[in-house]
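There are two complexes below, and they share chain A, which is joined by chain B in the first and by chain C in the second.
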Partner chain A sequence: MGTLAPIVAVVLAFLTGAVIILFFIRTYTLTDTTFADLKEAAVPIAVIEKIRSLEGKDYSDKAAFEEDIASRMGDKDFQQYGAMISGYALTRENPIRVYHEIFKAALKDRNGWGHVLYRATPLILTGLAVAFAFQCGLFNIGGEGQMVMGGFAITWVGFTFTQLPWFLLIPLCILAGAAAGGLWGSIPGYLKAKRGVHEVVTTIMLNWIAVALTQYLTMAFKPPESWIPHTYKIAKAAQLSRLYVYLNPLGINFSRSNLVNTAIFVAIAAVLITAYLLKRTKLGYEIRAVGFNPAAAECAGINVAKNTVLAMAISGAFAGLAGVNQVMGYKHRFRYGVFEGLGFDGIGVAFIGKNSPWGCVLAALLFGILDHGGLAIDVSTKVPREIVLVLKATILIFVVVSTELTKRLINILQKREEAAA
Partner chain B sequence: MIESIFAILASTIRFAVPYTLAGLGGTYSERSGVVNIGLEGMMLSGAFTSVAVTNITGSAWTGLLAAILVGMLLGLIHAAVCVSFKADQIVSGLAIIIFAAGITVFFSWLMFNKTQIKAEGMLRVPFLHELPAFKLLFSQIPPLVFVTAAIVVASHFVIFRTVFGLRLRSVGEHPQAADTLGISVYKMRYSGVIISGALSGMAGAYLSLEHAHYFVKGISGGRGFIGLASMIFGKWTPFGTAGAGLLFGFGEAVKPYLPKIVPSQFIDMIPYILTIFVLTSAIGRATPPAAIGVPYNKE
Partner chain C sequence: MGEYAVEMHHVTKQFPLVIANDDVTLLVQKGEIHALVGENGAGKSTLMNILYGLLHPDSGTVTVNENQVQFTGPGDAIACGIGMVHQHFMLIPPLTVAENVVLGQEPSRAGFIDIARANKKVQALSDQYGLKVDPSAKVETLSVGIEQRIEIIKVLYRGAEILILDEPTAVLAPQEVEELFDILRSLRDQGKTIIFITHKLQEVMEISDMVTVMRRGKVVGTVATKDTSRNEIAILMVGRQVLFRVDRGQASPGEVVLQVDDLHALNNRKLPALRGVSFGVSRGEILGIAGVEGNGQTELIEVLTGLRNAEKGDIKLNGTVITNFSPRRVREHGAGHIPEDRHRRGLVLDYTVAQNMVLGIHYRKPFVKKRLLDVINFTPIKEKADRLIHEFDIRPPDQENLAGNLSGGNQQKVIVAREFDQDPKLLIAAQPTRGIDVGSIEFIHHRLIQARDAGKAVLLVSADLEEILSISDRIAVIYEGEIVGILDPEEATEERLGLMMTGGGR
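And then the complex of A and B:
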């Protein structure tokens, strides 16, 4: 049941999305088939010929469509046939086609897969951040702030220590990202452990502080000739190569413009480390004990305060690593725009993945598919790509209500059985 | 000199309105025991709805009403998820933010084919707007400012002086005790969250109709969170929230007059830093309602 809930939530969310698409995406077009239908419905040929010139024109607005046909056929005919014509001209978008376009763009070939992996990489990390803290009973919604702090640290190291060779600079950048994110994450951990302040409020506030701070730092390290608010470029040695560099020599044809890069291995390593840390080490055991029951953990001699701070620091470090993909793998500079929202999406990823490391990977892939596939529907369908955000929000809602929903369903079923017996 | 002081004061008040309204919304919700970080999303939806409805119907007051209704609808969803389904209140709030960010742009593409929509109307008070003195006043301080001030005073009265307010606070402090006295915990929490939606929707309408005069993708830009900060800094009281809203509004208003040495980003941080300070008792002490964030189980 535990693993079923997210799948049910995804299905329910897609159904909700389908209803929205069916209800709101309407277009009025006069096509050959419309004219044939109208002929069959006994609309005089003379009337049809008058609106023939509008053939193939798309209207999303009913009023505009009716105004145009009325001006062509005259008010008298319009009163008689107008409603019928708009009825036949109305077409709705087929939600299955929309979803098919999303998944086709994301999964039909290697290129699509590559983009999905590129988009999933930072989400795996920000999702892990939330999931890890959750194991300690902490709700870290400060992923956004920890991520931009880490991202900036990565960039700063990348454009400052330009003399270092790649095998020193790349690990140094990664460490800097993890350290900055971890430090930023340990602040709410410390405030929770020592002052008893709930981490949800402090992490929200620290998000916005971090965003403002990095925006200031971006302007401080902006190349003077640049009009765009971004920092200096990181050294060549700090840039990660895209995967085509390795795949093409192996005979696997991979597009050079595909953004998936070696940062994906950092994300996979983070997943493995999390799984190992939580299940196989003393630290992981203590963190889970604190999350399960802090009072009992304290009695058993586990230092709750220390583990709270540590869990938040590790959580922040994961979020801080998201910049490896965004900066070292893609933009090569710091700019808030390439990070915006990834930290918040991580919360959704963690919840849909039921706060398990591998669950986060699956959920991040789903978000990656939606994000990349969403770009395609703008072109191939009449549905704005923001439907993807609606889908994400609805999945999230259904995931969190699923526990109570199944409990109620079971209750009802049990009562029925009792009544029958 | 005097002129710029007046200009700063007027724009302080203008900036304070959305913070105060959203903060008040948060106060109603949190006093009843439900965290509402979805204020931001409710505000954004209100901002879009008010402009869309104003442009279609031609009446800004109808737009305002529609924004309040949409806010209430989102509040109802948040209440259903958190109170009836006992789901995580933070995740539900976050989902509302994501939903609002998507659905507002979705409809602005569908209805207007662009993501920046000019508001074709303003809130005008019948009769009063005809008088030159009031016309001048309203051009500096929009009518909704006065409505907001009235709501602040009324909220203080409602929360601290009425039976409804007492019940609202009691379900947020100790729902079991309230339940044994025959107070419906669910009903009170639903009311608190729906009121918070209405006020946030209104804050959004103010933002797009009266402040910016247009709607643009993501216009709320974190103001819902500053509202949340105002509520905490104001210690969950209407007057405190309004005071904090004015303080944060002042920071925003004084920005263009500051010397270049002070980076504007540091002014932006002030509300959040102050909130962390009051929570850690570095200055004063802010204690949230006791039962906040915990779903109530009747059995």
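And then the complex of A and C:
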């Protein structure tokens, strides 16, 4: 039943999205068919000819459309035919077609899949960060801050130790990212364990400290000739290859411009490590015991404070690794713009993934599909890509609701059983 | 004799495996303060929840003001003039007193809340009963004592004639208790009926007109306060006679395992809970600690097991001073611990039975293999769980079952199995049989005696005098954070214990 809730939520969100598309996305366009319809509806040819020049022009705003046709045909004709013309010119989008476009763009070929994986990679990591902390009963909202601290550390190592060969520099960069993120995450962990400050408050505050700090550092390490707020470029040895480098020699045709890169393997490794840590090690046993019941854990001699700090540090380390994809795999420089929002999206990913490592992978893929497919609908439909934000948000809301709904459903069923017995 | 405000006749309420109320009859006269006393789990709360409409009795009748009623929820009870002041306050701190009081029944004018009228009404209630509360003060700025008065005003505002107060003094300082009692007397003198739930006998004597004592789901006596004594109530509360003697041989105590000297500790509110506790437990004996709840037992156990720091004093386990050691180090020095609250302290309910079987020893070999990280070694855990499930007859015999799915008795057996299997030198058993079925109680008592005979030192802390009397070899009585005496079972008559437990006969 537990795994059912997110699926139900996704379905409900898509239904809600469909309703929004049907009711709120309206376009007024004059096309050949519109003119033919108007002719049939006995609108005089002279009137139609006056507005012929507007053929093919899209209006999302009814008032603007009516103003334009009124100025062409004159107020008298407009009063007589305006409403009718607006009626015929109104077109709505078919939500099924919109969804089809999204999934087609994302999944129809290797190139689409590549883009989806590229977008899912950082989300897997920031999602894992939230999920891991949650196993210890902690709500880490600080993924954004931990991510940019990690991202900047990666960049700094990448453009500072330029003499190192790739097989030293790449692991060093990855370690630096994990360490910086982990350190940033352990601060709220420490404050929670030793001072009882709630981690939600501190992680949110540290987000903006981290963002402001890295932006300041970006300007400090900005190439003097650059007009863009970004740092120096990392060494060639620190850059990760795009996947075409490996796929094309194998005879698999893959676009050189596709951004998916070897950082995806870092994300997969992180998922495996999380699953292993939580289920198979003493550390995971203790962290989850603290998460489920800190009083019992304490009574059993488990150090609650230590595990709280550790869980936050590991959580932050995962978030810090998001920069491996964004910097080493893509931008090769630090710039907040390539990170912005990924940390916060991680909260949604963990939520939809029910805080399980593999759940995070699935949820990140779903977000990747929506993010990449959303670009396509801007071009191929009249629905703006912001519909993707609406979908993501409604999925989240429905995850909350459907968990509660399933819970209540189970309760009702149990009561009925009891009554029958 | 006046008429009865509340009559509950032959009320029975059964929960899975436990009869919470067994043929209970409670009669409360109009205009009296009626104390309902009993240990935790005696069934007081269940009975009051039935009266307040939160629970439905399996059988029996409830009569309020001579009309038989069948409540489907608290709304019905409130409509009949019954109000409940809960132990945990339900107030919204940023709102004012008056806003909190009228919440849900706001006086309104043209669709807007009429704050002036609310203030006036609350002020009137406050003046009438001497509650001394400022209606426009924000709740977050007020003390606990005042918050409680707001709760009382809340039920009065809703027209309550019968007030149920659930352990109202538990959260109050002594001065505030006195003020509360003045208020209660004033309420009574103006015709309200009050049911006062407590387990503090001194308060019963001071405030109540009648006392009903409950034990293990049954009413064991209703007496007029002026005709009884603290002593008598204490004995009613904790058990009159030993119902079943546990078969056991003579103890043969050896050297001292646990030695406690002049132990001092604070409770959660930073007030002294232990004031110089000293005693010793030897191998091969069971030392029972008897006392009315809330006299420092919880703090004593927590200090002994490393969960709470001692302010002063020494704890020696096998000759090593273990004062203020971490819980893990205390365990490593040979102490096993059956916590008093199995849900809060004893088990991780979301873990399986097998996972709970190694809680606290999970980091030791063979349960972990030392590699880069300590990796869980599942085979020995499974073997241990299977063996203990069999040995302790835990049902259902499924180690993959979540601990939260077990019955109370079986949950307790999981803890007992785990702690016994560590082969501790000292076993601290706190309320080991609270709220579980009779079969499990006997089983656990039997096991404790076996442990004693195997040469372990057993410290038994229990609010159940019957349990203490039936299995202890020596009985220490705790009162207000002090051990007031240590007796042999032969000299521990009910009268003497009752006197000691209530602070007399020192």
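One rule holds for everything that comes next: the second predicted complex is superposed on the first by the 379 of 421 C-alpha atoms of A that agree within 3 Å, B and C clash if a C-alpha of one lies under 4 Å from a C-alpha of the other, contacts with A are read in each partner's own complex, and residues count from 1 in each chain.
Rule of thumb we're sticking to: contacts are C-beta pairs under 8 Å (C-beta built on N, C-alpha and C of every residue); 3 or more make two chains touch, one makes a residue touch a chain.
Here the structure is a predicted model, which is why all the values come from computation and not from measurement.
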{"item": "Combined model on chain A: chain C and chain B, fit or clash", "value": "clash"}
{"item": "Partner chain(s) touched by A:Ala393 [first = chain B, second = chain C, both, neither]", "value": "first"}
{"item": "Greater residue coverage of chain A in the superposed arrangement, chain B or chain C", "value": "B"}
{"item": "Which of chain B and chain C A:Ser60 touches, first, second, both or neither", "value": "first"}
{"item": "Contacts of A:Ala300 with chain B and chain C, given as first, second, both or neither", "value": "second"}
{"item": "Touched partner set for A:Arg280, first chain B, second chain C, both or neither", "value": "second"}
{"item": "Which superposed partner A:Leu259 touches (first chain B, second chain C, both, neither)", "value": "neither"}
{"item": "First (chain B), second (chain C), both or neither touched by A:Leu172", "value": "neither"}
{"item": "First (chain B), second (chain C), both or neither touched by A:Phe292", "value": "second"}
{"item": "Touching partner for A:Glu404 - first (chain B), second (chain C), both, neither", "value": "first"}
{"item": "Intersection of chain A interface sets (partners chain B, chain C)", "value": "none"}
{"item": "Complex contacts: residues of chain B adjacent to chain A", "value": "35, 37, 77, 81, 84-88, 90-92, 94-99, 101-103, 105-107, 109-110, 113, 222, 225, 228-229, 232, 263, 265-266, 268-269, 272-273, 275-276, 279-281, 288, 293"}
{"item": "In the complex, chain A residues that touch chain B", "value": "24-25, 60, 139, 141, 191, 195, 197-198, 200-202, 204-206, 208-209, 212-213, 215-216, 219, 344, 347-348, 351, 384, 386-390, 392-394, 396-397, 399-401, 403-405"}
{"item": "Complex interface listing, chain C residues touching chain A", "value": "305-307, 326-331, 337, 339, 344-351, 355, 359-360, 362-363, 368, 373-376"}
{"item": "Partner chain C, residues of chain A touching it in the complex", "value": "277, 280-283, 285-286, 288-289, 292-293, 295-303"}
